[in-house]
Amino acid sequence: MNSFGRLFRVQLFGESHGAHVGAVIDGCPPGIPLSEDDFLSDLGRRKAGARGTTPRKEDDLPQIVSGWFNGYTSGAPLCIFFANKNVRPQDYAHLASTPRPGHADLAARTRFRGFNDPRGGGHFSGRLTLSLVAAGVVAKKMLDTITISARLTEAGGNTDIEAAIRETMDAGDSIGGIVECRANNIPAGWGEPFFDSVESVISHLAFAVPAIKGIEFGSGFPAASMKGSEHNDPITDKTGKTATNNAGGVSGGLTNGNELVFRVAVKPASSISKPQKTLNLASNTMETLEVKGRHDACIARRVPVVIEAITAMALADLRMLWLSSQTG
Amino acid sequence: MNSFGRLFRVQLFGESHGAHVGAVIDGCPPGIPLSEDDFLSDLGRRKAGARGTTPRKEDDLPQIVSGWFNGYTSGAPLCIFFANKNVRPQDYAHLASTPRPGHADLAARTRFRGFNDPRGGGHFSGRLTLSLVAAGVVAKKMLDTITISARLTEAGGNTDIEAAIRETMDAGDSIGGIVECRANNIPAGWGEPFFDSVESVISHLAFAVPAIKGIEFGSGFPAASMKGSEHNDPITDKTGKTATNNAGGVSGGLTNGNELVFRVAVKPASSISKPQKTLNLASNTMETLEVKGRHDACIARRVPVVIEAITAMALADLRMLWLSSQTG
Amino acid sequence: MNSFGRLFRVQLFGESHGAHVGAVIDGCPPGIPLSEDDFLSDLGRRKAGARGTTPRKEDDLPQIVSGWFNGYTSGAPLCIFFANKNVRPQDYAHLASTPRPGHADLAARTRFRGFNDPRGGGHFSGRLTLSLVAAGVVAKKMLDTITISARLTEAGGNTDIEAAIRETMDAGDSIGGIVECRANNIPAGWGEPFFDSVESVISHLAFAVPAIKGIEFGSGFPAASMKGSEHNDPITDKTGKTATNNAGGVSGGLTNGNELVFRVAVKPASSISKPQKTLNLASNTMETLEVKGRHDACIARRVPVVIEAITAMALADLRMLWLSSQTG
Amino acid sequence: MNSFGRLFRVQLFGESHGAHVGAVIDGCPPGIPLSEDDFLSDLGRRKAGARGTTPRKEDDLPQIVSGWFNGYTSGAPLCIFFANKNVRPQDYAHLASTPRPGHADLAARTRFRGFNDPRGGGHFSGRLTLSLVAAGVVAKKMLDTITISARLTEAGGNTDIEAAIRETMDAGDSIGGIVECRANNIPAGWGEPFFDSVESVISHLAFAVPAIKGIEFGSGFPAASMKGSEHNDPITDKTGKTATNNAGGVSGGLTNGNELVFRVAVKPASSISKPQKTLNLASNTMETLEVKGRHDACIARRVPVVIEAITAMALADLRMLWLSSQTG
């Protein structure tokens, strides 16, 4: 189930240390102006380079293989590839016997009966988010005046994020973080409840992003401690604008004309330099593992543009669904 | 989009004050022993009656209309109805001009161009969760030795739940709560990443439940403040058992052989007796609204069995998907 | 897999001799004027009564259970039931041991491990087409000025259909027929190739109708004997009108602005009064079976309105898909 | 809608004269032995070269990009590319104003508002069937002892096929043909009626193949002229074997344990050397068109392996669906 979306549909493929990763974006309407350059800004935001991100460097240059003609999307499936150049599969030779704590190594081996590509997590790698970002670039183009903006608001429980990361790197450890996403100018009435509420579609995509372990909309978890008289947002105009925004822009699973606001919890990256205990499957004894490979001390730093991308994917699909029902 | 599931597929129908609510459960394997009595226990847990729940009383007796033969599911679609008996649509006559704060009234009117049934929220009503609970009863039967158990762990920020509710009722207000769900004996390797991770499927369903505004797995939001060396769960045996369970039983989107643990945030019910300000759409002025109808002071009290149901629906579907790929 | 459609989605339920049959129509846009009376004309065309149709008589009165408010579709799932009144399950007691030739009895028993409802074919019964006709009535309302008309053009190889049927009834036998369907005023450009060509979607639905064993579009099978210079339809105006219509109104899987024309082959009904040989599963010997129950000598006579219905379902869905992509 | 399949899911991409065509095969179970060489035999059967096929020559060498590890499918999406090398887009410059009769040129221009790639039919090209054949190779590997075999039984109404093609080429014209497909050793009980009958799924895929205009199962269209007493196949053993096979191996939409037999009608290729009349969209006058490019006089000659491929795709998916429901 490596595809998502009802009308704007994204199919992923690729592995961390295979030849390519990429996506086929099906259902993209014709006539959207698009060039390979359009991808560079968002891809750059996802890239390693900032303090606390992996030393693995990749060009991440997109190649549009199909679905494009003379500067515009053609309406046929848009296939985009990225070459994996800086691969070091030898770093992962030891994984056959010692699954890395926090990773999917052992669960994946069980699920795929040992046939999965284990190198760097294979298909479970965060490298697959490259394709999400590419799909997000296309989706954003379909959303006209809607703006989507996500940022890292804290790392390791600290709002001085640079300091938190420096300290973590020195310790050979990793830290998690909170990413907040806000989207504006979404018309009221998008969403397909009962099951495809705005929150349902966004959370479905958010939990596909490696390392996400929680999501909340509007006031979120603190709403559980509030009273209805505090939480209810008074409606102040006919378009649905409210005086407060505890709902985070979603009522009854539909956009309500206010800012869409949600936050995701990013766990600390599982790969750390610090030695860890794990089971050696061959000897059936606990042993000390030092995870090689090139790691992110604060993977959360690279997550905001991915969260923007999945938000754009969700909204592009919900917009097309909404369009389909507006003529009786 | 009132259906969900790839193989174990549930289609809902009905409105709060219409003739019936119900569900068609398609993809249910043949040969599951089932009687109408099997539904009563879970339906009873969802029912009103406890302190803080609505005075609207319904029998909630299920009628199996199809897909059943001689005591067993037949493999054909299982259709289950519930009559709505205790309806009071006249309570909602005023909604035409004054949308209730916190409800979907105005967003739904926009989405459905005024043709939606507004009485008691219509199709957006929590009454639809009756059908989820029914589907959950069937799903639980498909899950052999797996146990699923959810409970309300706090209400209005208070673990003395009865006291919190009593106080809220006296104030004519409502409170939210936290529901925690735990499932045991799930084999490792269920889930369909990239997009259909266990967390993705469960959260998709959870946010379809009215009033849910947040979800977190394992350590959840606090994981964002943890270090990798703390959060990584050491693997201690070949089945994937871990010494800690910060992952909440899910690694890389797959079940990992440990207890599945997640929590949802339930906002306070939007309907309260206290007068509230809202916009009169006809006069375009703010006015004071007193929401009639019969309300839950603590809707969260009725949520645990619904969360169990959606968990069972998700696991039943993931199990069938897993079965489909186990023969090469 | 008892549902079909991407946006206009129909979920069937029910068995021949159960309490009800029905359909949930999800994705139906709000604001379509609808009453129970609107169904009567098409349901009447499907009904038994004409020479050569079963003596089983049913009222076939639709009951709209949900998705309807004040005379219009509400945008919520439209659930429609029909009571089965004239059931005679005792006619089928012998089926446990002697599967009827031409029927699904034995294949269904294998597929559902003996748990399926065998009475009158259970869920495999032609009675399920009642729900298709109901869905078709709703779909036709969504198709504005498009007209869809199907008719029986021959029965048992004979264009004097009444004579062919009379002769067949006298012989205690059954005959097949050809049904031709024509639809006009469909705009050019509907269809979702590569896979969801107009022919693909219509044929998918057509072969769901019991007794259909072939379908051809435009010139159909005879096209295999034609030359390109004969078969190519010369384009004569900018809207795509062609001088001939060998393509049957579909080019490259898309409607091309001409009349949609296709024909289906209906096999003779499997249930006949004449004694037939079949295997007794208990004794493992061949024996003579006389199929009781009430049968159609020419089931094809009841098929045209069903074919119109599935054509309308297909077009309603393709129209919604087309609408979703018309704004860049 | 360029993907098909519920569990064994194929997503196509590419255009006739773009850089690549290819497919992503999602849902393919892990552990299937696979090499690039495995594709060559079926790809070779689809290739041009025999009399009556296009002089466009392509290597058609598959490149497995993902989903493969150490000689086996890994369970991740299998992406396969083919480079387009022998492209001649200049042959199609005139298409902007003169749509070719019999082709999708004008309907596609309408559907995609002029943004589609028109060169050689773009995404509507028969070149896309290369990806179907590749998916078929994988699907066949999943079907154990099932054998699938299709052949051209007549061309232009003539069973002396070589003679018919020679004559057609001399005339600068094209001819259609009939392709018959037979599959053996399919267990009884596969198929997902009501809507996903075996015939429905196969016909859905068959009509996605360019040039297919009809399909019939078993006795097919002639069944419409038969009596029930002739058409009913007497069951002769407990596995469902029948004395005749008018049903073509499918009863009630389920495989019945007998040989699956169906035929498709292939229209003559639309591209012919003979001059044809068509509309010049710019001048709005009829003019004579000579279709350049490199054409197939008998495209039906290349169809059998494509029909085998879509049959294998359908059966692989139905097998996985069947597996998912076999444990209660």
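Per-chain residue numbering starts at 1, and chain names A, B, C and D are given in the order in which the chains are listed.
Methods note: contacts are C-beta pairs under 8 Å (C-beta built on N, C-alpha and C of every residue); 3 or more make two chains touch, one makes a residue touch a chain.
Since the model is a prediction, treat every value here as computed from it, not as a measurement.
*Asks:* Which chain has its C-alpha centroid farthest away from the centroid of chain D?
*Replies:* It is B whose centre lies farthest from that of chain D.
*Asks:* C-D versus A-C: which interface comes out with more C-beta contact pairs?
*Replies:* Here the pair linked by more C-beta pairs in contact is C-D.
*Asks:* Using the average of all C-alpha atoms in each chain as its centre, how far is it in Å between chain A and chain C?
*Replies:* Measuring from centre to centre gives 44 Å for this pair.
*Asks:* Starting from the mean Cα coordinates of chain B and chain C, work out the distance between those two points in Å.
*Replies:* It comes to 36 Å between the two C-alpha centres.
*Asks:* How far is the middle of chain C from the middle of chain D, if each middle is the mean of its Cα atoms, in Å?
*Replies:* Distance between chain centres, rounded to whole Å: 25 Å.
*Asks:* For chain A, write out the residues touching at least two other chains, lowest number first.
*Replies:* 1-3, 6, 12, 27, 30-31, 75, 111, 123, 321
*Asks:* Please give the residue numbers of chain B that touch chain C in the complex, ascending.
*Replies:* 1-3, 9, 11-15, 18-22, 24, 26-27, 30-31, 65-67, 69, 72-79, 81, 111-113, 115-117, 122-123
*Asks:* Can you check the complex and tell me which residues of chain C touch chain D?
*Replies:* Within the complex, chain C contacts chain D at residues 1-4, 6, 12, 99, 101-104, 106-108, 110-111, 121, 123-124, 128, 154, 156-157, 168, 171, 173-178, 188-197, 199-201, 203-208, 210, 212-238, 240, 242, 246-248, 251-257, 265-272, 274, 276-279, 281, 284, 286, 300, 321-322.
*Asks:* Tell me, which parts of chain A touch chain C in their complex?
*Replies:* Touching chain C: residues 6-7, 27, 29-32, 75, 142, 320-321, 323-328 of chain A.
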